[in-house]
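I have placed the structure first, in the form of structure tokens, so that the comments after it can refer back to it.
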């Protein structure tokens, strides 16, 4: 395929069009590692609450690249020097920043790939691709690892106002229909600038930043931490935990070879060699959901009942509260459940679940958002704001959940 | 669950909100048969061209029900008598009209379930559900079968301007980002009325009808019959054909039990008993894609190569033309391919494909769209229009394709 | 015109369609008093900042009626009893709630009609119309005056979450393109209910309320109190003040008879008889702008220079600060200006302006927004919220401005 | 003001943001000639049908410039050489292409400025501005006059697929809410290219062209030629004709000096000197509507009754037909009207009106739209299309109207 034919335009309902302006980017997108992201849902189990939320990490990664291109244009228009090599590296780094995600990451990281986070896996993939593409990804990797001398470039990829957040809020809001999360990413990026190698927002953009943080907070409580999504995620985690337990007891569960591998092995960071990476690269939503569809009919009651809950969307009840549920309550619920289901009290722990969910819309410490005044002074955004609102948004909120099968609602009368 | 709690509101990015206004509708949606539609993509393989097109038949069915509700409101406002029972039946009929779809229907109907169309299977499901719900679906079924005395009700469910088309054009356009297909369904339904038991559009809506038909035509050529989608669909059909062939030669391919069943059996209309229906109800996109992921590594070159094409989106070249490709051309291509691939010339037929695609935006004969004048006279829309445009739209367009692996492009130099 | 022909559907880019479902509403809209609202801009001088903001009070009033209809539907669906008479009265009351607005109200109320607010004038119009329409507006007037026994009905018309605010935020955001103000009014009204005759929002709508209040605050600072709009508004106020002053000195300025009348008279509440009302009803944006166009060429420097500033959009400089500008500064600026312009130091007060702008997104006291918990308890929204955010939003913010001609910038070097 | 501060970003609800990327463009926008376009409505009297249609020629001109910028970017990306000077000239030419429009052009050109079209006046303005700006507009003027050697540049400004049409269809559709006219201008311009100095559309854009032409046709019949708009336009034309007639009889009507001037003079092309241009530049919607408001109370029945019809939106009845109304019918209607109104039969011609409206969506002759095939061949679009549709769209449609006061409906019983 000729290089010129690799400059493509893709339809995107969110931004209208996404352009591929570089042949290497085209080749990376075509790579089997990247195509795999087509089969990984961006919002995990959220489609059980918002039926439109079936968009993929593939689409999100393209969207991130698109707004990276726009942001680079804006910064260059304002006189920030960015070379063509840096531009390409930034696009590649953001395109690949999430390539290490597995299916239903949140549940996976709590049950299957316990000791390696997705950023580390992204880096494994990038290094592998760099070898395949003769070192052409080196600068992208340097930026991604924070080793490049121009620090604002990392902030474009990973900070509290990075391209990742700007795309996922807008995209998740669009596909789920949770209008509260819709942000004006185009306006935000028009306000960006670089001052002393720090990514800053121009003063008049302070209300857009506030809107962005509020939108993010609302998306957390209405979508990412929606109680039904949380319940589904919990059930999924428990399914994978049970499956792993049964596998390690020697029971072979029907599932794909790749999933089988990760249920049999305990993979640590140092084990993540090329073979493991290759097997990991075969894993996507289809492995997980197909297995669960099958496990509905398994003899193990815990496994089959949890699996059925997902497939038939017959999810457990979940209650949120500002206080931790009492131990005595969960103990009683488990005891009761052991009389209703063919399970032991210990196995009841797969069904009666407690824990916490937490969100902080904005974190003033660490890597805060900066505002630049007309006179050139730079200030942290909450300090620069004319009222308490941004401070209020930086207070973390914690909620405690108690999750249990609906049968307890009817029979135990809670 | 109490009846009042079944009256739910769902977010929908297309219409804002969809209301469930009837407990029976809630129960049908919760049923495992209907939940299965969550796992069947509405646009099949189109996401390989339009990365946003991952919406499901589940969502489409809800959308149809929503605009059915709106249309009923409009008709009642205009004085058309519709009883509460009829209203519920119409909502149920449209909700379930596509429940018989299998995964990737188009490919399936050419390779796996060859002799039973999805409308027939929808009816099997409806009858089964009617038995489970004590006959409460009887009126819906009567309307769906065209046996109810009020004929316009069937036209709301199945005609050239039915709720199905009004939702899928709008929804497919929304999720794919093909703005050309966006129709103003709200305006169209505001123009609907019933005259002598026939569904009609008021005269001033004639331009909206024209826009609708043009939008439909554009969606066919830009999305449903987009050449890359057609190529993907063809490859999928050939995969399933090959898999069935190998299975019937006695080779057991790894795949789900449900898919296995349909590869081993030849199911005719009369065989479609409750067991078959039950097995069919377990089949969804996950069975197909998971199998194809696995078959990439199969020994059979035809099966593995075709499978890889889908998974890596490394699709064959496809050329459209207004003339049929010559037999001699395909013959030569197959011969050449047999020298490049480890396959026989006969097996080359799995890779070198020809055929036709066809679309007619509007069909004046049969069940045409009717316009009602202010004086009450009713006319077929193309006749009522002030110019040739609608006549032009009723002329079918046929294009011929020739599809072959890219390797031929490079090696055979075509 | 027959009654049935008065049931119309209007296109509205904001909601899609607005229906007139009652012949009396149709007649009120057709009335010359209401048609006059077509000639009164909703956002005053804001089009000088946001060129799309030319929508009218006419359109806003229709929009309010539309969401009133929707809200009534929702409340009735939830079991709140609302009679047909009450429904019509609510629609009429909201349709007419702003009919007393004059052109550029804010400037007018500070210069021309100094002692009568627009709500009072709305009531004069309603009473006049009630007489014309044989008392058919009596219930609407009762509700509007807060004299009807069902208190929640007034809250729909006038409170911190009324139909007025829900329409104007959405509409102003739409036409100006200030996306930050876009609210999800449909979602908000889906959450409304009535508890013990108080309008309440269901618990799960608390994030939507927060989003609404944040959006309102952002619209204030980015649109209504945008510093350029404020400057234009100030200039307009001074033009009218100067014109009145000159008129009262006996100089006849060219302008319409209606405007002439209000410049010559000082109208108090008790003077507002039918003749005054009739004259007032002839006043709209065209009287003001046409006069200003003419006054550009007047001999009086103050009048002509201020007028030119508006017509050529050559607005003065305005600076916002959290502290009051010092008296000595304005004094100096005036002195300097008197040397640059052919005016006295006293007349310089028409050009060097200071004052304050203020906004409080939410007022916890008075008529707060109420949340109803699932258990039926009702709480004020800031108290019900899980974090400080809503409290932060209830803190008023004040900014001080200093406004002066650009010539001072260049010549006086400030 | 420093040059850098002239690079502004404006909010636009249609495109998100419009950038001013050149200080000269900023100065032109600030000029009193251009600011005047803020006071000229883009869609004339259409707001009487579509209450949102209050957007201005100012906004449209900015929108045109915006998509010109985008198109230039696309063409340059595809390798079309465009110098910076040409780029600026194209932006200026499109920005100013409509600057010669008077208020309610259509009515004006039939009654006040009878012998000079708005393109000619645009050129007078451009030449005047060129003198003021030291010849910096020379290249823009050359392109505008079709005298520049690169012919495709004129096609960007004036052809069947120019920036003007692309903006006005989208913008008029947006503000009026007539969704049928919404076009995907971004997609269209992505498809543009230049071949042998001719503006062409790439083959795959053929459906977008068709959609564009259908949208244009629908906007004509649903908005620009909507029968109520036509009626309002006719009444306005007759008001101005009557006013001119009375003025020339020596009666001084109250109105602005600028309007007075054009009612007293008959201006020909050769009379259009700087003084006339200066007076013309003071004329906008406010002159016309303010005069009409006043004329409602004039002694002349014809003038006052026609004026009242506009102000109270009490428009005459209009009937469309595919056949010309018979002379005898209009004669009878006039005779009858003379018995109902205090007017002569001759004066009745101001109220009983007939004529035709006409639209051709696409004109194959003259300056057609061209498609470029993948192999580089260029073809006229209707010839290149795969079906009759585009031919159908090139057939002109004519409708005949008969317009008369409603009183005839009731009294004469027609």
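As written, the chain order gives the labels A, B, C and D, with residue 1 at the start of each chain.
Basically, contacts are C-beta pairs under 8 Å (C-beta built on N, C-alpha and C of every residue); 3 or more make two chains touch, one makes a residue touch a chain.
Keep in mind it's a predicted model, so treat the numbers as computed, not measured.
K.L.:
Farthest from subunit B by Cα centre, which chain is it? Let me know.
P.N.:
C
K.L.:
Applying the document's contact definition, name the chain pair with more C-beta pairs in contact, C-D or B-C.
P.N.:
Higher C-beta contact count between the two pairs: C-D.
K.L.:
Centroid from C-alpha atoms only, then distance subunit B to subunit D, rounded to Å. What do you get?
P.N.:
Their C-alpha centroids are separated by 43 Å.
K.L.:
Using mean C-alpha positions as chain centres, tell me how far subunit C is from subunit D in Å, no decimals.
P.N.:
Roughly 32 Å, centre to centre.
K.L.:
Using Cα averages as centroids, what's the distance between subunit B and subunit C in whole Å?
P.N.:
50
K.L.:
In subunit B, which residues are in touch with two or more of the other chains?
P.N.:
Subunit B, residues with two or more chain partners: 16, 187.
K.L.:
If you look only at subunit A, which of its residues touch subunit D in the complex?
P.N.:
9, 16-17, 186-187, 190
K.L.:
Which of the residues in subunit B end up touching subunit A in this complex?
P.N.:
On the subunit B side, the touching residues are 10-14, 16, 30, 32, 35, 38-39, 47-48, 50-52, 54-56, 58-59, 62, 174-178, 256-257, 282, 284, 286-287, 289-290, 293-294, 311-314.
K.L.:
Using the touch definition up top, name the residues of subunit B that touch subunit D in the complex.
P.N.:
Touching subunit D: residues 179-180, 182, 184, 187, 207-208, 210-211, 214-215, 217-218, 221-222, 322, 386-389, 391-393, 395, 397, 399 of subunit B.
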